[in-house]
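One chain, chain A, appears in both complexes that follow, with chain B as partner in the first and chain C in the second.
And now, the complex of A and B:
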């Protein structure tokens, strides 16, 4: 792409401030960048870097009551967008400059059909009516490779999956062939295989429509895959701007260097054998032994609200976990990995057998609910939502001890302080409330809470997914330290293959409620046997622009629905040992 | 869909059975003697006793209830003790007036409630918003008989724009429906405001703005239908409030509906009429809720009836 003309969008000296209780706070300082036709500029940064708010400002979508542009220009076709009155800006938004957002699940209006939402753009910007608008909308849905495009026009958003909705969003943004497309974390909420499809699609369409693309993302893998040029931002400041190759291979700023070195990279553990930290002389009884775990959810209906259908969430899953070992469960949304984790904590009804240190969990649960729960604890995905905002973090960490009546108040407080120190927080802050902490610190609080009862097993369900890369690395280090020190076993549930490779000793790949491949980490990652494992690994963006993959444009490969008739008998997969400590379904 | 309807109708029948039982029990327990009421003060004990036997009031409770229930299932509400006519006919004659009042009151509260709520939400935190919310607060808290008498005094007595009471023309309808509607309008405007404010922060509203949709379309096409959902569910519940409201409002305005009928019957312990009006009201409430639930899927396609 050497034929770059003069910039289509030129952002100069952009500064933004927001109103806070403590007065105005500057959140973007002197951003300056441009994008050319057919070019992809990636704005990369962590949360709070100002990457999203600056693009909202260009679109004129800043919340008027709480934020304002304090200086700068955004010149599109010789007009400064930041000076345009709202009336004129409405004719530019969605027409000359369009935007796609992160959350496809909530970004479409739930009470309007897809067709209505597409046609109104054409009606407003191009005065296109009726059949002509319909035809154009249909063409665009076909252009984004949405399956059964014609049917989709009359459907509502809730009838479509996340990947399909993001395709609709892309179609909607491209309806008027905009000169600039701003995509704010467009694939962050999607599964990797869907992400790969959507990214390929965006590239293809960008070429076709001659669009300048500004891609905002925190994911350096996506940056490497997509960018021509990269702008790295941090805390409202521009850190570094340059060609994608130079950013990845010769980063100048120390922040960029850290960002790239902290990045979990697929293949980073190649050739290293996983060695669990089991202590010598320990018995060989597995800490956790799961046999034929099955979880099904009934769907009621009909006259008497009888069960008419069932969701087969988990089907006959078996695995073992040794002391000091980390087993990762990977797979895409709906594969049953989270449900498996919840079953281990008895949070859903399950069938099968679960033994914890040789003790039957079902029997021990009947005998003593409370005691049975001590050995397995959980760390959840969202550190913002999993801490009660009305309790101090001290109370939250102490709570398990209170519930289980371990020690008196003074002993409990002492233990709480110790736990706090152990996870790298200052016990002085015990009396503070969750909202006073950052995401990473909150996840440390959650870890302290999980540790309070001296569990043997911790189920970590996407526990680092919501965190920025640098913070993520710190939390993962903490988890590894705790494992060394306490001989903890982890069931690590994640969709992020690079993180999984970094932390696990063994890996189980789940698809449609069953394990399709399980084995030692090096074997699964370096010698994947099952087709699904292979496609999952191939879909992960590699954070190295020199290793860009040639992908073909496949239209929406969706995971089939796990909802079945009552008479449904699942086909159980048989796992065969292909090599030592490596089992694959046939 | 049909299974759903069938189940709901079955539920409704059970609810009505429960209502009839509770009302009947309460009226049985009331420490007043209907027979004495009918006979009058000067009647002899023998006359009163005769009346009691004639009406079956001497029978044990369960037998009285059973008698009432069996005739009710045959569509017979019984005869009024004092008006000497069939309760079914009395109610049928007065129901249209009450329904008319109710429909126009629903219309009033919806129009005022939604309008005020939308304006307040758009002009959030402005002086207009504050004034409107104070007004709606007054509407919610003012007792209906006070509102009714106040409206009567200002618009009928002082300004003479509307008649003081009665039934027949559109002018007669205005003040009673306003009185009934003020309470609901207050509720709805507050609900509408918070619902719309919430919807306006949703991602799909940002999408609509990013598409360049004009503000009017963003609010009325994208936000309003989503914000209306809780209101629709409210209308069903509202019919219950109306049923208690019309007893007061019909009396204040001399509106010849079932509320007035009930009021007269309560004063004279005319048990068959009280039972009849209560059951008809319960029917209206159950039906109102059913209709609200049936309408909801048309506004929000995500709602499935099952």
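And now, the complex of A and C:
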């Protein structure tokens, strides 16, 4: 690589503090790092580590009213960026140093075409206009391998998919060939196959444009794929800095060691047979039997709000779930896995048949909706969003008992405290509000809430995706414990193959609303048959820098849209048993 | 009580509280606090030429064009203005909130009917509507309050509707459904509390507009009927004398501004105090 080169960006002794009601709080303490041309420095850390705010400081983008740099330098070409007035900084941002943000959805201006946004950068920094600007913008879109680049110039951001938008963001950031590119979680919001493409692209472009890349991420898999050097940060402190191989294979700091060991690794369960914790004497009736589940949403439009198009979210999905078993549904966004989960909770209109312990869910919902609800509960993805911020957690955990009129107030309060303790929280904190808890604790609150009604099945919809790795491991352990203890069955919905491998007994892979492969976990993971399963597995970043994959630069391979004309008849896939307990669509 | 205590601990809120309390005391004890009857036209209340008197030892805030004591009228006017402000605005905000929240939550045909009706009301010139309503009913203090409420609820409904729609899409509402919460429970237990900040702002801001609308109606002769004083009709009765007797307009005008400010300061503080998501933030 190019370690011998002198650093292009040198950050020295950077400290940042934010203003709070209780005075100034230091959030970044004495960060020091540098990045060379063509080199990738990964700043890895969990939420609250100061990894993002330190890069915002370098860009001069700290919110002026609430945060300030208390000490330090960021030297680019001999000038200290932190001392520059805003006027001069405007010329450096986007020109010498550029940034890519996490959310491609919100970091492009929705009312300007892609072309206008690219040309604006060129006009401002390079005084380039007209045909020349247009040509350069087009070249850049081609450089990021955006399909049909010419057409894209006239399109608006909403007409592009997430992966395409992130490509546009990258194109925009590279327009002026910056010396340093800061990418803040650039692929976190993307699906894993798209993530693989974007990462490969960034690497390629870095070489082409001779850029130093600072990649900020929480995902150690991404770190292993991308980094030359790694800086591990935690709670505003630098923990460890070193070469990527030494960080992964000989971490010195105990925090780094924990970070690496808590990492769910694909292949960690290889050769271990999945054994559900079914209890003796249990009947053979499956807890959940789903037959030909279909969910379609109508899209109304036109003057009379008639149905004009239809989303085929789930098409004839069938599966069974035994007591004490975990079935994972995996797939990328829009594949229908979440909708399947919501249908099980009767939160969307569905067709087909669902039997819960042999009872038809539709009939039991008609007879007694509350009683039917008790058997299946759900844990949502975002514990920040799925708890009402204006209620205390005590009220929230007790609420299911109140609604279902189980016991009197004193008994309910007792049960609430027990549940709280069961999920590893202190009942003293029952009077607190959700925002006073950390992400992992909030997810525990959600679990307590789901458990309140003694359900048989819990649908966990991306329930650990929003959590930091160490917290994620703890929550997964809790779920496993509860399964052993209560014989719970889980429908575990996730896009994270490594987590899925860790938790499930059986796995169903969904694509375009249908299951393309389903079977015992070891069989699906070790002997994937369907092309989609294979590509999904291949796209997962492996948290081991020695096992970096050679990837080809496929341009814009996207999942097709599930929105169809009304006359559309879906082609139904037929599942064939390739080996015992392993079905694949042909 | 702890809310009141927290309220009084904030200097700005305390100031607002004082303004509102003083106005309320004036309104309640008007007969004992005023030196003259509000309708009494005093012979010595006018100059020989028949012009109103500026503030002096006998008439603290001067007299109006009919020789009535402005201070007494202002104190009695506080009764009218407070009742109009609180009743009219209260009705408007409650009605608007109810319509908005129901339409936003259920949407479908209920929502369509309610919101189209709201739009219809909005498209109507407010004053014309008020004139029609006031002409149908015999003007009295309460009728005026209701007429004002009928005109003012639509904006509240629009704002609350938009907020409810976005709130209903949030995950925690889906989570409530998944534990079996009924629609009324979700509506009143989980969505309504989120509307508190908006409603407080509307309630406090609305008082000023309400008092002014009452003044407009009085001016057109369909508001509170003279000789009963209200802050609004004091201004409008005397506005022709604006250049020669400015106190007749500035004093009641200032009273309206102060009262609105008072309610506003209280509302602002209440919004923070009643927001549990700010609790424990450090």
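Heads up, the rule we're going with is that the second predicted complex is superposed on the first by the 580 of 586 C-alpha atoms of A that agree within 3 Å, B and C clash if a C-alpha of one lies under 4 Å from a C-alpha of the other, contacts with A are read in each partner's own complex, and residues count from 1 in each chain.
One rule holds in what follows: a residue touches a chain if its C-beta (ideal position, glycine included) is under 8 Å from a C-beta of that chain, and two chains touch if they have at least 3 such contacts.
All of these numbers come straight from a predicted model, not from anything done at the bench.
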{"item": "Touched partner set for A:385, first chain B, second chain C, both or neither", "value": "second"}
{"item": "Contacts of A:443 with chain B and chain C, given as first, second, both or neither", "value": "neither"}
{"item": "Which superposed partner A:158 touches (first chain B, second chain C, both, neither)", "value": "first"}
{"item": "Chain B versus chain C as contact partner of A:90, first or second or both or neither", "value": "first"}
{"item": "Contacts of A:110 with chain B and chain C, given as first, second, both or neither", "value": "first"}
{"item": "Chain B versus chain C as contact partner of A:54, first or second or both or neither", "value": "neither"}
{"item": "Which of chain B and chain C A:124 touches, first, second, both or neither", "value": "first"}
{"item": "Intersection of the chain A residues that touch chain B with those that touch chain C", "value": "none"}
{"item": "Chain B contact footprint on chain A (complex, rising order)", "value": "59, 61, 86, 89-95, 98-99, 101, 103, 106-112, 120-121, 124-125, 156, 158, 169, 172, 300-303, 305"}
{"item": "Residues of chain B touching chain A in the complex", "value": "3, 6-7, 202-204, 206-215, 217, 221-222, 225-226, 299-302, 306"}
{"item": "Complex interface listing, chain A residues touching chain C", "value": "20-22, 342, 345, 347, 369-370, 373-374, 377-378, 380-382, 385-392, 399-400, 403-404, 432-433, 435-436, 446, 449, 452-453"}
{"item": "Complex contacts: residues of chain C adjacent to chain A", "value": "170-172, 174-182, 185, 190, 193-194, 275-277, 279-282"}
